[in-house]
Each structure stands twice: as structure tokens, then as C-alpha cells.
Amino acid sequence: MGILEVKGVNKRFGGLQALGDVNLSVAENTVHAIIGPNGAGKSTLLNCLVGKLLPDTGSVMFDGQSVLGRKPYQINQMGISRVFQTPEIFGDLTVLENVMIPCFASRDGAFRMHAIESVFSEKTMMDKALTMLEDVNMADKRHMHAASLSRGDKRRLEMAMCLVQDPKLLLLDEPTAGMARADTNNTIELLKEIKSKRDITMCIIEHDMHVVFSLADRITVLAQGTPLVEDAPENIKGNPKVREAYLGESA
Amino acid sequence: FANEPTGSTVTLGFNVPQSGPYADEGADELRAYELAVEHLNGEGDGGMMGTFSSKALQGNGILGKKVEYVTGDTQTKSDAARASARSMIEKDGAIMITGGSSSGVAVAVQALCQEAGIIFMAGLTHSNDTTGKDKRANGFRHFFNSYMSGAALAPVLAANYGTDRKAYHLTADYNWGYTTEEAIRASTEAMGWETVGTVLTPLTQTDFSSYIAPVLQSDADVLVLNHYGGNMVNSLTNAVQFGLRDRMANGKQFEIVVPLYSRLMARGAGANVKGIFGSTNWHWSLQDEASQAFVQSFGTKFGFPPSQAAHTCYVQTLLYADAVERAGSFAPCAVVEALEGFEFDGLGNGPTLYRAEDHQCFKDVLVVRGKENPTSEFDLLEIVEVTPAEQVTYAPDHPQFAGGALGSCNNGA
Amino acid sequence: MNVKPDFSKGKNYAETAPAFLSVWDMHAYYGESYIVQGISFNVHEGEILALLGRNGAGKTSTLRAIARLDSPAITHGEVWLDHQPLHLKNSHQAAQLGIGLVPEDRRIISGLTVEENLQLAQIAPPIGWSIERLYDLFPRLGERRKQEGVTLSGGEQQMLSIARALARDIKVLLLDEPYEGLAPVIVDEIEKTLRLIKEQGITTVIVEQNAVRALELADRSVILDTGTIVFDGSAAEVLENKELREEYLAI
Amino acid sequence: MFGLEKKDTTLLIIVAILTLFAPFLLNPFPEGSGMAQFNAGYPDLMQRFVIFGIFAIGFNILFGLTGYLSFGHAAFLGVGSYSAVWMFKLLSMNVIPAILLAMVVSGLFAVVIGFISLRRSGIYFSILTLAFAQMMFALAYSVLTPITGGETGLQLALSDPRVLDGARLSDNIPVPGLFGLEMRDSTRWAVGPWVFTFNVGYYFCAAIMLAAFYLAIRIFRSPFGMMLRAVKSNQQRMHYTGLNTRPYTLAAFVISGMYAGLAGGLMASMDPLAGAERMFWTASGEVVLMTILGGAGTLIGPVLGAGIIKYMENILSKINAEILYGWFAFLPDGLQEFVVTLVYPFIGKGWHLTLGLIFMAVVIFLPGGLVEGGQRIGRLFRRKPAAQGKDAKAKQPAE
Amino acid sequence: MDAIILQILNGLDKGSAYALIALGLTLIFGTLGVVNFAHGALFMIGAFCAVTLSRILTLSRTYIDDTQTDFLGRPLEVKVPYAHDWFGPETGAMIIDWAVPLAILFAIPVMILIGVIMERGLIKHFYKRPHADQILVTFGLAIVLQEIIKYYYGANPIPTPAPDVFRGSFDFGVLIGFEPNSIIYPYWRLVYFAFAAVIIGAVFAFLQFTTFGMVVRAGMADRETVGLLGINIDKRFTIMFGIAAAVAGLAGVMYAPINSPNYHMGMDFLVLSFVVVVVGGMGSLPGAVLAGFLLGIVESFASMKEVTSILPGINQVIIYLVAIIILLTRPRGLMGRKGVMED
């Protein structure tokens, strides 16, 4: 029994079957990669997990509880964090504040009014955020407005925002797209390190096979909304079906 | 007492609408005030000072002090009017506040003046409440009121339209509307008319078609528009558009009545007012000596005849000045005493009484009709009847004026 | 390497223009932040230039400045395209002169369908490929033509963005990370298309984090670091020069 | 100090000093001089400055932080005023219970209206709040006349019970006070030709305004304030970060509604009449304009904006042609006439025109409002020493 | 029954005014994304175009008539319009009588010019600014425009009648088998309704059958990208603004005979027109028109005596009540597009 159990999930958009009968089981403390051609339904699947979309049929269980019908913030409070395909950050806030907000969310829950305390008196939160920023090499940019970051930096910031919450399940939608190679490598190291330090399960969508094969314990290949194969990385590489539908010659 | 003038001048506060829908009326009131100050200070031709029965005023200011004035904008909002009045009292040291073009403002400012210990001489305010349930010892009204409109209009209506009429009232949904409807209903029903419908219309309404249309289907043969200002202009225009004036109902010609007329409104409604009855406080075509003197001096200075609002405001200023002279003091309580029960003549509208019980003045009321062939843009109304004061006089405890107490005069700190 | 153009001839610069697209000593600011700090390079007609550098090096800013978008604002320097002074134009004029930019965040217009997004590109002259031909190139878009553009999957949006640029008859194609978020097979496809475009004589500037792929495609390469050029030479040179790669590209 | 950052403490102290010495600062011109017209140091206007300051500060907590633009905020001001006047009528002329009731009742209204309106965002939210306020205005003006006084406004009467105040002593309506201190009491102090007025009501309001301002600073700098700014920036991300935005926005809405109610209660305490126009959409629009004019999202901006608008309304509107002639009496006759004709449309009954022009000028030339203007001036001054080559730190100016 | 038909007619007529104003507003507000508080002022200026034209047509020469006196007893100045002198009294009178319809021709260029100047000179700089700034600047502009009109025309309403042939009313009831005089309806209001239908149709056609609408919508969603596609979006925005101003102005011209124009009539309509646009849904022209008619009809029914006697005051609040209900049940109004002004 995995920590995340997706059973028979279907999702249609009008005439389009975006997800058809998806079954997925992610074991605790593993990295599970989902790959597949563009438009296969990978992001849609993640959307169903975080409450952005409600699947037409099927069930999604996390840690023994159903996530369906819960609000996004409730799902996050259960321990699921997500990095989006196009960075979702608080553009008007500084980088540091961007990371502090999730710190508060995981300490205080979905709502708590600290209307009188000063942000600066929250030393532990600030330190936590700063340490996180150092981990992603962005401490020097902590006073910048998040909106004026370059694209790669926005990605890293968003990842920091998710990691600082110490989630049980981290969903990453193309976390290294647009990242410089050096930073991609750093990110791989960072994710590996985090995984070695604490209990965390990750679900990662990536088109960069270098990242996928460096991190993944298991890989599911999704095509046209249905899982094509699920296997260990070594076997995926050689799978002719996957090569044809997705990897092409260059892999 | 508050704001006692110590120097060689005395300051009056003219609080009129300068912005908003009544700005033109306010502008006319200001002209009248300017003229009154001129006359009080002995400039110009003296206007009504010559005809006024009390001869206390000498054209040397008030009690020898030159009259100066400050102006403010009421915006026809009670809050803004009070703010403006307070600034005149607190900043400019005004000893008397006057003006306004609606009952809401008059009542609000009157209450303020009572608290502050300043005399308030109301401008245009027609609601019964001003000298009814909201009366105050420091406030006086020279304008007529809803009850008087009803009392003056009813006999004329009966004479022209008969006593067997079915009336339908459209009433503006606020205090003035309520008191006017009540007054007109009471007096027309006393003549034998029947009221077949009354509908309240929102103050902010601009298109009255959905209120006019049902009149067509009622069995009414008279429509009474208890509206003022823009409301009246629009509802009358709409009523005429719907052909009510060309209509026969119950075998009679359908008629429209507008209880309170002003020249500015008549101008706004244009040709639609022709032949429609209403009442008014004063009109420039009155032929008595006092009115003529006022028209002459106003007309010469500004180039057109004064409105009823201008007349009221002018008279109020003279009355106040005269009362101070007679009392020999600016102290509000002395002024109140001098004005209470004061009888005078020579300010238009014939012999007049400022009644002590409610500070309402009693004088002749005019019933007018929209003129068929106006010769100028100011010549829109013709006087049909000058209703004598006795006919519009009522007991101080008349039910339409019940509640409220005058209290005692306040000299202020 | 860099030939300093002869500006002394004023308007007759056309005769001395060293290249098809010339950027000379360009300085550009976002508000008060000085980002592009004096860049000069030339691109010859029909050439593919790879513009490389780390996150935040100023690649996107350079492309945006060339396309004459409002920010960053060029405060000094000149940009010439086919004898036309671009630095004196605004963005729609530049576009009409033949600049086509595929922006990094794709910029699919919300509220419009896929097809309308393409039609929009063909309103102002000069018109390029027909919409049908674009659908042949990206069959995926043909299938989704009635769908609202912003609901496309990430990769589909990228295709639409490229297709939109080709729908206009452009002289220079500026690609900002075109492979980002695309499945390897599609990247292969696009690479083929870019070669095809090159054959048609369209000049291309490509910004890409996957430097090796870009360099294999490109004729020449320019490497940026903190808003200045640190290398300008042939693509092969970069591939051979290990130091350069390690220092600026971390590969 | 006070648990504030240094920058904010400085700001608070400056504001405190300004309000304390307002009777001097606002009356810079000697009595009787031509410029005395521009003096604003009389009780009514000074009270209005601080009361509308409170209103705008509260509005800014909602709008400046969360970006939710309420177009019906005046409704809470009106509700506060009515509650306060009712308290005067029924219970006591002491202002404390009146103000407390004003805040409680407006808070309750804010809970209900906020709960419903916050289901939508953007313009849809604005229109929902507008609709509620307009309904409240329309009903208060007409059907609810027995409760609200309708057109004339709710006012005190001699016959009111006032159960706590005991037997009526005089034939006049009592005035609101604070344990014997009457709100309208003033002391005048003449220094040469200058006259300064110190009014109890003003200092009472000013003290409350400072408290309200202090609280607003704390909110702005608190994690709660940070969350609100995050709501403005990206609600989606808030949700996926495990935060429920609704309680945050509702809390902000209620707090700002209570600020409005407090302002309404104070208004009634200074002048015990509550008019329905207080709730009309133009009144709601006014506070929006005050906030933007001063600088939305800044601490002091809304107070400045409120000051400007109230100043124009009360001072400019009172200048009439006669006064103009007085001012330009030194000019030769023809020129005097000319100058007066030129200036006349902008003052007195034309004060709205000037107001409109100021609105336009401020947004066009000072995006970010008056505070932005102040910052620019500040920067000008700061740049000079920097240019002299010393290491002047480019510090962010106070908001 | 006849009462209901009558109220439907009323509602349609009221609705056509709302729809027409909202149409212009939604072009600026729903499509260009500018919160234009000066829109009411444009409507008002349209109405004053009618006033101005009738003033121009009645420009008069004056002569002194010694036989009559004015109110001060001086010889009377009599005015004779030049139109009477030039075209003869009969044709002259007719031209003056037709001032309002003629004002349509007069208003179109004037309003387009005002719209274009406004956009080029002011609004242009505000597309990228926050909505709050737009509110402040357009509200300021509205006040300025109002005050200018007030300065020249005064605060009082100015009667501006329709041509004589449209005076009186049409017996609608007879047409559908009711008693004579049970359902009558003023001619001019029927004209207004037809006029509104034509304008609405024309605007729809323009935006539907040309790519103009699509480009403007795209430009609003993302100006920068549209510019990258070689499209001069500024020019189109200007045109759009000109059209919107003209629509607002024409609505005003035709409205002048229904209610005498005054300088604050724009503000009276402003809030209502925003409500209509938002209830219709941001960015949707059909939505705005539908909402205009819907609210017009609802308002008419709520004003019936039968209704107000059960629910006193309902006529005061009905529009807002319906607006709240619609916005709560339909998140983006009747037909709103996603993402337009939702944040």
C-alpha cells in the first residue's frame, strides 16, 4: 500500500478524455517520476491530486485518507506541496516573504490571525526561511521583489517555498525546466539530500531525462491520459514503446 | 453669548446649495443675500427697507455694525450643510445662519444652531416638520409649508375641477414627500375628493414611466405629483409624455397637480407645466408695493426677476436685522423674543405674523398655474389666487405638526 | 569577431552594415536596474546564433530589447535589422520589419482559441505560413484548434507560440528557450523545423539552457554573463573549449 | 519602541506631534488677514480631518493590503453613526458607550456583508459591496425613516429617555461628552493677531486616531498583514500553500468595517446627527479617492488624502467673489476684474472643479499618490549629499 | 394583464436606456479594461449636444418692441431666431422642432472627437496602471466635465422636447385586442427603443463580423504580445474608445426629450450602468445588453403598487437585490468571461 493511491481516475474536458482510468501507487519515501508526451495528462493528474480539479470518477487516497472534495488548502495541510509548471509565486512580495508564508502555513494551519506581532519578531520562521534560501542559493536575493526575478530563479524560489513546508509528498511539475545546467545539477543534489535527510515522497514530472534518471526510483509513462507502463528506470530506457512514443532517438 | 460681535462689523452666514441639483436655486438665494446686505449697509436703493412696516432699520448696518457675510455650500446634504454651518460659526464667528433649499438641510442646520446658540433663519423649506415635530427655539421659517399648500390649493382645485374627483398620488419617498401627501390628501378629501392610490417613488428615480403607466389603468382622473426639484421635472415631463393631459377619465378631462411650484422647476419642465396648478410662496408678478420694490432692485442689479427662494432669503435677512435692532442686542434669546409673535407688513404677501408657538410665519399663500403663453423665460407662472392668511392658518397642535418641542432659546457659550 | 560598424555615414549606414542583424553597444534598464550592460554582436543572414548564459545573465532581456518591448528600455546603443534602425522603432513596427519573438513564458493570449491566436498573428502584414501549413507542422494544434489557448498543456502552448511566430513572414526569429517543457520527441521535431526554417533563409537567435543541443544546431554562439558578452565565436569552438563551457555553462 | 521598527516609530511620533500641534499648524495666518481664509484650525474641520483619517486608514487595511476594493464602505460609517446616536438617545450622552456600540454594530454588519461579498473577487466584489450599501442608503432614506430619521437624519430630541443620564435639567438638548467633559468645549488662545483653538472633541478624536494608526502599523507589519499582501499578490498560491484566504480577507473586511464604524461613531459624537447621505455611493467613493489620492497601501497616505479632500470641501467652497475682490484689491481695476474672473470658476461653487483637477493632476504626475510625491522630494534632498561623494545609504523612505 | 404588458413595455424602454449606456461602458470597461468613471459624463455630454444644437438653431436676433414692457417696465426685447429669417417661419420652426434628431448628426463627430482626445491625452497612459488609479483619474475628469457644463448651462434641467410629430402616445392595447386607452405608450419612447436596437445591432455587427473585436480583446489580455505580432494596438484602442464615446453620446442625445438634461444626469446613471455591466458579466456585450433589459423590466415590475404594498421599499432596492442574487448564483455575472477583472 503506497502513501498515494490513485485508482480509476477519469477526467474529461468536453470531448477530450484527458485522463482515462489512471491507476497509480506511490510508495512512501520514493521518488516516482511521471513522464510522457506533451498533453498526455500529467499536469492534469497533478491537478486532481491538489484539488485544482475534481476527477469525474475514481479515488485518490493520501496516507489512508481521500483527498477528493477537499479544498486545496486542506490538501496542502495534509502534507502535499506542489511546484507548478509555470511558476506560481507572490510577485509583489520579497523573496524572503515568499518563503516565510509557507513557514507560517505549516506552523499555524490554514488560518491564524497574528495581527499584532511583528514579522521581525518571528525569528525562528525567518531563520528557517533563510536557511532554505541558502539551500537553493538565493539568500543574496532575499530582498528582491519576486516578480523581478529571472525565470530560473522563480522556479527555484517556488521549490524553496514547497520544501520549507517539509511536506510528506512533494509534487514537482517540471521543476528544472528553464534552469541552467549547473542549477539543474544543484537541484538534483538538493532533492537527493533532502530525501536522505528526512522522510519525503516525491512525484516528479520532467522532460529532462537526466533529471528523471538521476532521481527516480520508479517511472510511470503516461500517454493520452492512460499509463503506458510503470517500471524501474533501467527498464524504461530500453522499452521500445516508450522510445517511440516519447523519447525519440536522442535519448 | 456665542459669537458676540465685538468689532465694528457683524458676520452673517449664508449657507446655500452651490453644488448639486439645487445649485441654481442656491445661486439665486445668494444673490438675494448680497442684495439684502447691500441694503442693510445703506447701499443701493434700499429695496423693501422702504416698504417694511417696522422702521427700526436705518441703513447703517445692524446696531451700527457693518454687515459682512460668509458663504458655504450645503450640497443639499444634511451632513455637509452642518459642516458648513459649523465652520461659519466656529471659524468665521457668524452670529446668524440662514439659507438652504430643502427641508432635510433646514431641519439639520436648525438643530445645530440650537445646540450652538446661534439664530437660524430658514431658507426654502416646505416640510411641515421644520416648524412641526423638528421645531427649535432658535429657528424661524418665513416659507410656507405643506399644510398651507393643501389648504390653499384645495378650494381652487374644487372650483376648477369639481368636488367629485379621484386622485392618484405619486410621492417622493422621504419626509417632505410624506408631509406633503398627507396635507394635500387631508385638504382635498375634505373637499370631497377621493384618493384612489398613493405610490412612493425613490428619491433617486429619474425615469418615472413605470409609475406613470399604472395611473392610466387606475380609475383616477387627477394625478398629484408630490415631487420637488429634479423629481418633479422628470415626473411631470413623463406624465405629459404619456398623454395624461390629453386623456379623458370618468368622463372628465384628466388633470395633473403639482403642490409645490418653483420657477426654476417650471423652467426645467418647459412647456409641460402649461395649465397645471400648484402653490408657491411668492411670485415676482405680485403687484403690491413691497414685492414691486424688491423686484425692481433685484432686477436692476441682476437683470432678471427674483425667485421665491430669493424672496424668502432676502426677507429673512431683513427680519433678523430688524429684530436685532428692536431688541437692541445680538443675543439670540433677545432676538427670539423680538421675533416671537412679531406682526409686520410690507415684505410681500401682505400682513404677516411670526407665531410664537412654533416660529412659523403666517401670510398669504399663492396658488399659481403654468402660463399658456409665456413672454419670457421667467414668465412661466400666473397667479390664480392669493389665498388669505386666515385660510391657511392652523392650530399649533394640529395633528400634522404634532410631536416635538420648541425648547427654550439658547444663547450659546 | 566584432566589426565596429561605421556610423559616420549616418543614414547610409546601410552600405557599411556588417551584418543582417547588428547590435551595437546596447545598454538597457528595467526601471533603475541596469541589466544589459553594453552588448555588441552581429548575426549574418540565414545564420543560427545561440545566445547562452546562466540564469539571470540577461539573455531574455537582450531578446526583449531587440524586439523593442517597453521593458527593458534601451538607453544607449543601436540595433539594425536589414538596414533598418530598430532602436528607433517600437515593438509593433519592429515586428512589421520582420522581428519574430517567441517569448520565454509563451504568452498565449487568454480568451482566444488556438486558431484565433494564430489568426491574430496574421492581421498585420507581412503574413507568413498559412494556418493549415502550421497545423501540418504541429498536428497537435490542429486537433485542438477550437480549444482556448491557455488551457493547452505546457508543451502544446510552446508549439503554439512557435507556430504563431511562423505565421508571420519574419526575417529574424528570436527564440527564448523553445525546448522548455517539450517532450524529447517534440524537441527533435522542432529542431528539424528550425533547420527547415534556416534553409528558407530565416535568421535565428536561440536562447537555450540545453546548451549542447543549441550548439549542435547553431553556427555561432554568444555567451553572456551579468549583462556583458564574454564570448563570441563559432559554436564548434564552444563545444571544444572545455574551460569556457565549465565556467559559463557548467557543462 | 512600542514594538515597532525604528522607521515606523519615527513615523508614529511625527504623526503624533503633527496632531498634537494641529491647532497651530492649521492656523498659520493671523486672524483678519486676507490669508486667514485658508486657516483650517477650527474644531469642526480638525475633527473631520482625524475622523476621516481613521475611516481611510481602516479602508486601506482592506484595500491597500488585500486589493479588495470595497465600494460600499460608507455604509459602515453610516451604521456606526446611527448606532451612536441611538445610544445617545437611549442610554447616555457619554461618548464611550456610543463609540463602542458603533464599532460592534458596524462590525456585525461587516461580518454579514463581508461573508457574502467575499465569495467573489475583483470587480464583482466591488459591485456586491456597492449594492449592499446602496440598499442600505435607500432604505435608510425612506422606509426606515422611523429608525434613521430619513432625509433629515437621526437627531436628538428633548423627549429622549437617556436612562443613565437621569433627570433633565434644562430645556435644551444635552451635548455629548466624556464624563463631564463636553466634546464641543474649546479654549481659545490669542497670540498677537493669531488665535488658536483647542477643542476637547478634537483631542479626543486625535487620541483615538493615533491609537487606530498605531494599530494599523502593527497590522501592516504583522504576519497577518503579510498574508493579506500575499492574498493580493496571488490567491492561487495561497491556497496551494495551505492557507485559507477567506478568513483572512473576512478578518480584514471586518477590521476595516469597524474602523469605519468607529469613524461614524466619532462623527456622531462630535455632531450628534446621522444623515443617510453618509451611506450614499459618493461617500463610499470618497474614501476610495482619499486612499488613492494619498497612496494606497502606504500608512500615512490615506490620512493625507482625507485631509486634502476635506480641506477642499470646507475651505475652498467658502471663498466667494467678494473675498476674491478683497484679495486682489491691490491690482488696478481692470486687472483685478480680469484676475477675479480667471480665478472665480475654481473656487466657491466651483470647488468641485478644482477637486477634479487635483485628482487628475495627482494620478498623472504622482502615480502612487501624495506619498510618492513626498518620497520624490525626499529623494531630491537625499541625492545631494550622495552626490557629494559621501556614503549616504539609499534607505527606503518612510511610507 | 394589461398592467403587466404595460410594465413590460416600460421595462423594455428603461432597459434600452440601460443597455445602451452599458454597451458603451462595456466597450471601455469590459473590453479595454479601463474603469471609466467618466462614462456617465459622456452620456451627459451627449444630451447636452442636443441642448447645444437646439440653442444654436434658436440663435436669435433681438429687436425692441415698444408696445410691450418687461418685468421692470422697460420696453421688451423680442427675439426672433435667425432660422425663421433665413428659411421662413414655417421651415424655420420645423428645423428648430427637429433639433433632437438633428443632434444625432451633430453628436457623432463631437463625441468621437471627445472620445479620441480623451483616450490619446489621458486614458492611454492608464491602461497599465492599477484600476484604482483609473478610477481616480476618470472620476476627476467626470467632475471637471460636469463642472464645465454646469458653468455654461447651469444646474437646472433644460427642457429639450422631441419633435412635435412624436408627441403623444401610441395606443398599443388596441393592436393586441385590449380596450382603447388601456395600453398606451409614448411615441418617442418607441423611437428610443428602436434606436437602441439599431445601435446595439450595429455595434455587434462591427465587432462580430470584423477581426477588430478579437484584436482589441487580445490587446487587453496581453498588449505586449499583440505588439510582438506587429499589431498597432494603440490605434485600435483609440478607435474603440471613440466608438464607445459615440454610443454613450447618442444614448444621451436621444434621452434628452425623455428627461430634461442636467449636468449631473451622468452621475445618476453611472452607478447603475456599472451594476448593469457587471451583472451582465465583464467583457460580454450581449451580457451587458441582456442585463440592461433584465434590470429594466425587474425595476418596472417592482414599482407596481401591488408589489410595493406587499414589500414596502422594494422599488428602492430591487436592482441591487437582483444584482446581488445574480452575482452570487453566477460567479461571473450573466455571461462574463473568465479572468476579466477578477482580481
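Labels A, B, C, D and E are assigned to the chains in the order they are written; within every chain, residues are numbered from 1.
What we mean here is this: contacts are C-beta pairs under 8 Å (C-beta built on N, C-alpha and C of every residue); 3 or more make two chains touch, one makes a residue touch a chain.
As the structure is a computational prediction, the values presented were derived from the model and not from experiment.
Asks: When you check each chain against subunit B and subunit C, which touch both of them?
Replies: Chains in contact with subunit B as well as subunit C: E.
Asks: Centre to centre, using CA atoms, which chain is the farthest one from subunit A?
Replies: It is B whose centre lies farthest from that of subunit A.
Asks: Please flag the chain sitting at the greatest distance from subunit D, going by CA centroids.
Replies: Checked the centroid distances; the maximum from subunit D is C.
Asks: Where the CA atoms of subunit A average out and where those of subunit B average out, how many Å apart are those spots?
Replies: Going by mean C-alpha positions, subunit A sits 75 Å from subunit B.
Asks: Can you compute the centre-to-centre distance for subunit A and subunit C, using the mean CA position of each chain? Integer Å is fine.
Replies: Using C-alpha averages as centres, the distance is 30 Å.
Asks: Whole-Å distance, subunit C centre to subunit E centre, using C-alpha means?
Replies: Result: the chain centres lie 48 Å from each other.
Asks: List the centre-to-centre spacing of subunit A and subunit E in whole Å, with centres computed as mean CA coordinates.
Replies: The answer is 53 Å.
Asks: If I count partner chains per residue in subunit B, which residues reach a count of at least 2?
Replies: 19, 23, 27, 173, 200, 202, 204
Asks: By the document's touch rule, what are all the touching chain pairs in this structure?
Replies: In this structure, the chains touch in these pairs: A-C, A-D, B-D, B-E, C-E, D-E.
Asks: Could you please specify the touching residues of subunit C with respect to subunit A in the complex?
Replies: Touch residues, subunit C against subunit A: 30, 33, 54-56, 60, 104-105, 140, 147, 151-156, 158-159, 177, 180-188, 209-211, 249-251.
Asks: Touching subunit E in the complex: which residues of subunit D?
Replies: Residue list for subunit D touching subunit E: 63, 67, 69, 116, 119-124, 127-128, 130-132, 134-135, 138-139, 141-144, 235, 281-282, 285, 288-289, 291-293, 296, 345, 350, 352-353, 355-360, 362-364, 367.
Asks: State the interface residues of subunit A toward subunit C in the complex, per the touch definition above.
Replies: Residue positions touching the partner: 13, 16, 36-40, 42-43, 85-86, 148-153, 174, 177-185, 207, 209, 245-251.
Asks: Which residues of subunit A touch subunit D in the complex?
Replies: 50, 52, 71-73, 76-77, 81-82, 84, 88-93, 97, 100-102, 104-106, 109-111, 113-122, 161, 165
Asks: Which positions of subunit C touch subunit E when the two form their complex?
Replies: For subunit C paired with subunit E, touching residues are 67, 69-70, 90-92, 95-96, 100-101, 103, 107, 109-112, 116, 119-121, 123-125, 164, 168.
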